[in-house]
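Before any comments, here is the structure.
Think of it as A, B, C, D and E in the order they're written, each chain with its own count starting at 1.
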Amino acid sequence: MHSGYWMIATIAIPLFTAAILVCVPDSRRDVVRWISAGVGAALFAISMYIFFAYEVDKGEGYQFFIRWDWLENVGFLKDHGISLAFGVDGIAAPMVLLTGVVAFGGTLISWKIEHHNKDFFVLFWVLVSGVYGTFQSLDLFFFFFWYEVAVLPMYLLIAVWGSSSVFPTFARTKEYSAMKLTIMLVAASILIFLGIFAAFHEAGLGTFDLQRLYEPGTFDEDFQKLVFPLFVIGCGVLAGLWPFHTWSPDGHVAAPTAVSMLHAGVLMKLGAFGIIRLGIQLLPEGAAFWMPGLMVLATTNVVYGAFAATAQRDFKYMIGYSSVSHMGYVLMGLATMNVIGINGAVLQMFSHGIMTALFFAMVGAIYDQAHTRDMALFKGLANKMPLFTFFFGVAGLASLGLPGLSGFVAEFNVFVGTFRTYPWAGALGIFAAAMTAVYILRMMSMSFFGPFNERWADLKDMTRLEMATGVLLLSFLLFMGLWPAPFIDRISESVIALPGVT
Amino acid sequence: MIQVFFYLFATTVIAGALGVVLLRNTVYAALSLIGALLGVAAVYILLSVEFLALVQILIYAGAVTVLLLFALMLTRARELQERLDGDQKPLAAVAALVLLGAFITVMDQTTWPRDVGEITTVPFATIGDALLTRWAVPFELVSGVLLVALVGAIILAMQEEGEP
Amino acid sequence: MESVTQEIPLEHFLMLSFILFTIGVYGVLARRNAVIVLMSVELMLNAVSINMVAFAVYTAPSLFAGIIFAIFIIAVAAAEVGLALAVILRLFRNRGTANIDEVDTLKW
Amino acid sequence: MSAGLNMDYTAFIPEFMLVGLAALVVALDLFVPQFRKSWLPYVAASGLLVTAGVSCAWIDKQVDFARLVTVDDFTTYFRVFFMAIAAVVCLASGRLVEERLRHPGEYYALIIISTVGAIGMAAARELMTAYLSLELLSFSLYILVSFQKYEGRSNEAGIKYLLLGAFSSAWFLYGLSLLYGVAGSTYYDDIARALSEDTSAYDFALLMGLVLIVTGLGFKVAAVPFHMWTPDAYEGAPVAVTAYLSTTSKAAGFALLLRLFSSALDVVHDDWSWMIAGMAAATMLLGNLVALQQHNIKRLMAYSSIGQVGYMLMGIAGLSHDTASAIVLHLTGYMVTNLVVFVVIIAWYNMTGREEIADFRGMRERAPLLAAALAAALFSLAGLPLFAGFVTKFILFQAATEEGYFWLAGIGVVTSVISLYYYLQIMREAFVSAPEEGAEPLRVPYLMQGLTVALMLGVFYIGLYPQQLFEAIDEATRVLFV
Amino acid sequence: MSDAWVIPLLPVAGFVLLLLFSPWLPRKGDWLAIGLMAASFVLACLVAADLADAIGEAGVGSFAGISESREWFNVEGYIEIRMGTYVDQITVVMLFVVSFIALLVMIYSTGYMRGDRRYGWFYSIISLFTASMLTLVVADNLLLLYFAWELVGLCSMLLIGHYNDKQSAAEAAKKAFITTRVGDVGLLIGIIILFTQTGTFNIGEILRAAEEGEIAREWLTAAAVCVFAGAVGKSAQFPLHVWLPDAMEGPTPVSALIHAATMVVAGVYLVARMLPLFEVVRGMPELITALGLTTAVLSALMGLAQRDIKRVVAYSTLNSLGLMFVALGSGAVGAAMLYLFAHAFFKALLFLACGSVIHATEEQEVDKLGGLWSKMPITAPMFIVGALAMAGLIPLSGFWAKDEILVGIRHGHLNDIVAITVFATLPITSLYMVRLVMLTFFGEPKDQHVHEHAHESEASMSWPLMLLGALAAVAGFVVFEGVGEALGFHSGWLGFVYNLAEGPEEFHVNWGISILSVVLVSAGLVAGLWIWAGKAEPARRAAAFSPFLYRMFLNRFYIDEVYQAAVDYFVLAAGRVVAWFDRSIVNDTGVNGAGETAWYAGWLGKFAQTGKLPNYALAIVVGVIVMAIVAFGYRT
């Protein structure tokens, strides 16, 4: 069997699952659950396969490559005009794995959803297929196609199953957050749209096939300088680029657990991934010209996010802002345009994905019982729910870059890369990492330590499913933290191949 | 001589038209419309298209205006002497003038191609023949239009049992 | 009569139709009684016919399409009036007015 | 007289069949009292579909009738297209007509006849024919709009639509007369030949003529600033008629635009492209912005359709074979999607008698299928993938870009994001808001369910595998540019 | 030596096993942890022995430690990271100290922590701590060192916060972690600078590069300062010393292990390792000395006024650490390591003794204790031994170590102010040690109730005390070459430890200094005895004499308060400002603003739709006119 079918499977299976689930009657909740769990496991397995079957040092750019022509030789389209072209390189492979892991975790966590869980999983699987598609597409049109597919279900997912939050100073309804998230992301894709139009027109090849567009000399330098910002900002918004990040804290807060996991864990990575695929690979000279600017914004992200996180009272808001900060590291790494930095960026994409998914899973676990996420209301949970505290703490440590967990490997590479080119940015980044310690510990000591608040006497520790999710994610945190070689081998191979990367 | 006739008819037409849009009494307006339409018919005669003139007089000056008068009677509001002009009369005047200006520019900027400067008369027979052969499709279409209009008019206008 | 027709250039007829058309436009814009608005539209259509005929006679004698067009226009106009009157009557029955600026329940 | 003209009436078999069908429907309604009125829609629909099937016989043929009309792939495509739309509308309006309207026979007959007019607009290669077909369509629509004759809003809509329609067709005719004056003929090909010579002597007349023609057609397709009848007519008309308005009359307008501007006026492209471009920009912006403010679903759909018109005008502005096929593709996708939305609206209206957006609340609970279809269709309208909207819009914009209208494409993308906002508002009512108390689930008729599903399949087909369709359209539009 | 990497691995195994299974193990599995610890202690001794032989073969000076490493990850030609061990004299000293103290503390804890709710957790974390501390010691590259460095920090936090339902404990843990974290930022920056400059993390190579001046001067300076910042944080030197006293919230064994014997001296170890780097940077040694000195003086003064016995000991720790840094600053590595070696014993002893007092009385405020001499026959003498060693009374280990440092300072290229200041601190040190002893074990019991049920601790606690006491007494003698050789240290202690390739350094007693120090120390002792004997009247009078000074000492010069204010009014405030900015400016104005603009545009637009037909017609006409005008405009 052509190995490319595995990739097709990652996209087709979720879509078909969605189609099948539509036909399941509303009342059969368990059927939905079991189907979804099975599919989640299957996808996880396939992702593992794709990751480990990816052969390092094979020498060819994209492995598992497969192409189905979709629209060609009609209108302005020539050969391979628009084709379902899929392929995985060393950068995409970890992302595919990430998607598999988080999606599986998400299905497990969503087990307890009662209200129309059928609809939920339909949308959920559409989302997942979109994510897989984006990571594997090698066709400009379909890259964007799947990108939008991934954004599409967000509104309903958040607005129906999400939660509004009210604070002394301000309030956010779930509808508002959902709408803002959707509109901002789609609005950002305006820029990508325009970039694609311009690129196709400029190239004049009559095809959206990325591999042909990648050929050097397709775009002259002025054009690249002109269009690069479109792509980088367009994708950047999804990656939480400052100052276009505000959808992310509100959105993640409002979203139901699994969606927060998938969105913060995987979807934000689509943005960064897009910057690599559409920015660096498509327009290397433009990248060379604009990256300093991106570095400035990214540094802002990192510091800004960290500071904002220190002032939050809501678990999810804190995590949301820390995501802004951590995605800043990703952008930083990309902006360095050197191998170590971009390695670090991709590692950070993976690491942050797992870590933040763990965070959100845990927050969900407590929110479902306590129906509040206000840190100030909790106190001394550590003795009431030790396991929960443990997993939460590990996530926190990963995010503050504790060696031995994935966060350190990634951030460390980013810092080294950044110091090569922008020492000041690197220093600020490390400073922000210390700030991370501040807000993580603030949160821990606020709600997990200290005398126990009797109001929560009836809280239970984690359920089995939550345990399973936690262990699943934790294992990958440790895997990458202690033995990063498998990741770095794959990533670096492709990163070195990127154009214009020193 | 001819010119005199032409200007005569032209003034009739314009006067009638102005009457339609300016008079304060709906019935007078309708009557002046008849005048204008007859003037147009006369212009057709000047252009030696008698057939068209005939049609004009029969259908327009005859049938249509009668219809219009009926309509006016039927829709006469309870109190007489109500305002006939809308609020945006001044704007309308301005717009109309600007439009006329535009047309006049067109007028003096244009020399019409293939302007033979002489009239060729078209006999009835030819027109009838053409209607049924060369222009058969439009002819059928227009019959369709008339049919539809007829049906529609009946459906909409007719009083029905149980009408509120 | 042929001899004298040379004395009236095409432009005169066009000018006439222009003026007529403009007056019609004015009527549509300024009048509020639906029937009179309809009359103004008829004026515009007449202007069109004059144009058509004039062109047909002066510039395109071969097929005299203009004349045919004029005929059709008259027919359509008549049909239009008939239909319009039906609608106006219906409106008058339901609303008790035929003034088009008083029927503005559908807006915004 | 008719020397050398092909007068082969067989080319009109489908149209004749339609007229016959119309007559049959009326007759059944009148003379066979025991005939179940509720069967009329099925008769009409099946007749239309049969005719559509028959007209497929002309695929890849090119029959010319007296230089007035040609039956070529373009015509054939639109023939099938219009008949299909009409069939759907007939089926969808069944229950509505039974419960809320009188004279079902005439209702269906008018829909069928108007289809003839629409086809004529697509097929005409001569101004008179084009105009009269247009009037045939319009007249039927005038009547249909005011068909709910005891309903004040219906009358109001009717009167506005009719008077403005007459007004605008006067402009259109005036434009035609000027065009006739400068070109000396009403045949498209003669016009093209005449205009390809040096036009400097009568440029102004030509320009004025173009302006007026654009005005007239702009009115038909509801382009800003000639759109103002649209919201009122849509809101006032019976909802099924609204569906018909938003589909056939627009599509026919574009068919006419395409045919006329490509085969007659292409030679003076620069003289009119900017007008269309300007109109397109204004239309996209105004349509989508004002739609943000609507609370009546029909009115909202009116504005959204205005926005969609803007997108397609963008293609007309840069008219070429590629854009033409892109337009038709988008038109097709849009029509199918739009029909889904309207079928849902009709079904909902039949069951609840409500047509405010706020009345859609709890649709997920009360009619899941409709809700799902609605969601998908709205996403498609907003141009999101998996559905028709994404690919068609993408190709349309890309084509416009290829013709150098990048800025229009830009506006188009921005406005489609704006549109997403109000589509999501509808979805919010349907999915998020809870139904009011005591509202129990509704039983959606199987007919409606079937229609929805069938149309949804269409939406997905165009969205997921448009290759054949696009090729067919490409063929159809090729004849315009020979 | 290839098995050096096993030493940390054993406790790691302990950590993992206990973490997973301790609830199901008998005695929560403490025996497992202890066993593994013992094993690695033995292993450490073996390693030390091997090393001694190796040196014997190679001959001192020509001998550079033994290292071996394996690849961690590697990007051809861009970055290669190897993880490995490096063993030399300093390493084995540390290995020995760490594993030995850890072992004792674990045994001691079986008694002290009995019945604790999280007994198993305690042992697993202690194992993890020991493991990472050992890793830190054997690391051959800065990255692995940082790795361990962070882990010990983490464990220290967890253990300080062991009684996590006490708010103060939670706060102390947070404070400790964040404060040290500040230093770690520096360390990481320094490491990365060094890597970008030299392209390697290997300590040896970096030092070589530094000495051969391959690193740009400004970068070298930056790197040195940054790395030193790390050391300052970990070893609680001024200005980052504030966390150590609070760290006493943790269980006493922890304080003994982490905050006396091992972790806090990591900084000393790091500086000792990297000393060549520091020495080539101008002004660096002076900086180190200055900070060390400040810490020593301040802590000595603060120690005078504290009431909590553990805190007093903590301040004495600060004092000692300062002393070590002074030594390092003056280049006397050997002396510093010797002091470290001795200090480990007597400070651990002091803490464990405190522990046993607290365990016995459940009190740690000096003004509630007193007169325990009779009650605690083992603890009291042991405590006194420790205190005197700390004060530096001949012939206890403290004396020799301190003396070495003094000698080092005299020989070092520093001016005499340093020496004088150090001398000045000596009596103060002995003063507050005596004070502690007097107030705790002699005089009238201030709280009868406490005094009643005070009792000697059980064997598992008292045996380690005695063992440490003995060592604290004699450990100093290793300075005599004979003793050193007898113990297998080739050419005596200093020759052994003095690893820089300048040949061995003899031990020489500088009689002047020794006598002076002895005099000063005993002066302090006598004074102390006089002041706090009986009712301790003089003390009260001294406090009354200058309430201001007393308050300054008592409140640790208000440094903590200043920091607290800085955090509250700068960091957190900044956070709040940013959060507000994000919400109101960026989001509500920027994002919502855009949306509302569109909304209002539509709102305005909809009013064009007046519903009046004439207006619609007008719109059409206007459209026509505009288009016509534009068109004609084009043409003309």
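The working rule: contacts are C-beta pairs under 8 Å (C-beta built on N, C-alpha and C of every residue); 3 or more make two chains touch, one makes a residue touch a chain.
Quick caveat, the model's predicted, so the values are computed rather than measured.
Following the contact convention of this document, D is the list of chains adjacent to both chain A and chain E.
Across all inter-chain contacts, the pair with the most C-beta pairs is B-C. In this view the innermost chain, defined by its CA centroid being closest to the centroid of all protein CA atoms, is A. With centres defined by CA atoms alone, the chain at the far end from chain B is E.
If each chain is reduced to the centroid of its CA atoms, chain A and chain B end up 70 Å from each other. Separating the CA-averaged centres of chain D and chain E is a span of 78 Å.
If each chain is reduced to the centroid of its CA atoms, chain B and chain C end up 4 Å from each other.
In terms of their C-alpha centroids, the spacing between chain C and chain D amounts to 27 Å.
Shown for chain E are the residues that touch two or more other chains, namely 595, 606, 609, 611-615, 617-618, 621-622, 624, 628, 632, 635. Residue positions of chain B touching 2 or more other chains, listed in rising order: 86, 88, 91-92, 95, 99, 102-103, 105, 109, 112-114, 126, 130, 134-135, 138, 142, 145, 148-149, 152, 156.
Within chain D, residues 128, 132, 135, 139, 142-143, 146, 149-150, 158-160, 163, 167, 171, 178, 181, 184, 203-204, 208, 231-232, 293, 421 each touch two or more of the remaining chains. The chain pairs satisfying the stated touch condition come to A-D, A-E, B-C, B-D, B-E, C-D, C-E, D-E.
Residues 86, 88, 91-92, 95, 98-99, 102, 105, 109 of chain B are the ones touching chain E in the complex. Across the interface of their complex, chain D is touched by residues 22, 26, 70-72, 74-76, 116, 119, 126, 141, 145-146, 148-149, 151-152, 155-156, 159-160, 175, 179, 182-183, 186-187, 190, 193-194, 196-198, 200-201 of chain A. Residue ranges of chain B in contact with chain D, taken from their complex: 102-103, 105-106, 109-114, 126, 129-130, 133-138, 141-142, 144-145, 148-149, 151-152, 155-156, 160, 163-164.
By the touch criterion given at the top, residues 127-128, 131-132, 135, 139, 142-143, 146, 149-153, 155-160, 162-163, 166-167, 170-171, 173-174, 176-178, 180-181, 184-186, 231-232, 235-236, 293 of chain D touch chain C in their complex. Partner chain D is touched in their complex by these residues of chain E: 595, 598-599, 601-603, 605-606, 608-609, 611, 613, 615-617, 619-620, 622-624, 627-628, 630-632, 635.
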